[in-house]
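First chain written, first letter: the chains are A, B and C, and each begins at residue 1.
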Amino acid sequence: MRQATTILTFATPGRGFTEITGEVARWVAGTGIREGLASLLCRHTSASLLIQENAAREVRVDLARWLDRLAPEDDRYAHADEGPDDMPAHLRATLTGVTLAIPVIGGRLALGTWQGLYLAEHRHAPHRREIAVHLLGE
Amino acid sequence: MRQATTILTFATPGRGFTEITGEVARWVAGTGIREGLASLLCRHTSASLLIQENAAREVRVDLARWLDRLAPEDDRYAHADEGPDDMPAHLRATLTGVTLAIPVIGGRLALGTWQGLYLAEHRHAPHRREIAVHLLGE
Amino acid sequence: MRQATTILTFATPGRGFTEITGEVARWVAGTGIREGLASLLCRHTSASLLIQENAAREVRVDLARWLDRLAPEDDRYAHADEGPDDMPAHLRATLTGVTLAIPVIGGRLALGTWQGLYLAEHRHAPHRREIAVHLLGE
């Protein structure tokens, strides 16, 4: 049994969902570990991680609209230092979460057929985001 | 230190919460691992995993009603290929999450007295759902 | 590769967020493990764990208000055995989640600069809360 860690960096184009399944899977494959556990942490408080449907683009459109409704920009927030998209970004990151633990079976992330791994950017501006990854197995 | 993986399959009766604590605990016990970490991934985008109160049935009634309110069926969704319960199911799965990592201490999942492990089905129709499980320890 | 487990106990002053980054980091450091994975489970159904901004206090004020709005006390709940803050506490714990998995890199939790680890108490009264922690690595 052994382990590996890395920090993967992604450039987001501003608010929206960036699929990172391929990059994470490639790094896992490169370690040679074929059975184990991959754990991810988004190292930010206004971006987050989620596993969602990777086929229909409309799912991500509806998801974005839903987050807009649950944590709206036009609310009165005590914290608005960085603009009106700052606090809603923290709330949306809380709702979706920043850590994931994914079993690796037969050399692959054990995701379902329709599941993709997404980095959710909750700020309007493009950002450089870091994901810490830990892999354990053999 | 060693590891084990499996795919557990559950038949859900349609929308609602199926307690899976027993099945997961039995599989953990069967591996002989008494101290470690159990990680679970629900391999679907319209079902999810959660840890909630296992005593009062009313908690799950209120939880279902709350999810209905936060991600209602009668909203206008761009994605409705599979019917009006499709997109709300994706949203509810996002809100509750699809991965869990649970320490195993003294041969048992280290859940609190009132905590149960639930598979949440968010579609109206019965489904066959897969949970990938990874266990590490000794 | 080796592992360690513990139960950390925290006294909460009632509803709000208690930062636990320091206590968890100290326990991790004490094990001598410098690269690995730390997994946490809040063993309660009306308290939860979250990673959020550790600088501006206003973020936690807004977060508390947002949780109040999404899972209000003055709703009609079927489950109200322990008072009006009981069921909303379960809902808020579901929304924020009770497990976290955090990579440890270079002897430190791989959290971002602005990320803190918080125990969220969702009941009005002070409580004693247990967090089960598993650490794996070398």
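As a working rule, a residue touches a chain if its C-beta (ideal position, glycine included) is under 8 Å from a C-beta of that chain, and two chains touch if they have at least 3 such contacts.
Everything numeric in this text was worked out from a predicted model, so none of it was measured.
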Angle, in degrees to the nearest 5, of the Cα rotation that carries chain B onto chain C: 120
Same-residue or different-residue interface between chain A and chain B, half as cut-off: different
Chain A and chain B: spacing of chain centres that average the CA atoms, whole Å: 20
Multi-chain contact residues (two or more partners), chain B: 1, 37, 39, 70, 95, 97, 100-101, 136
Contact footprint of chain A on chain C as seen in their complex: 1, 35-37, 39, 50-53, 56, 58-59, 61-63, 66, 70, 95-97, 100-105, 110-112, 114-115, 136-138
Chain B-facing residues of chain C, complex: 1-3, 5, 7, 37, 39, 41, 43-45, 70-71, 77-79, 81, 87, 90-91, 93-95, 97-101, 130, 132-134, 136
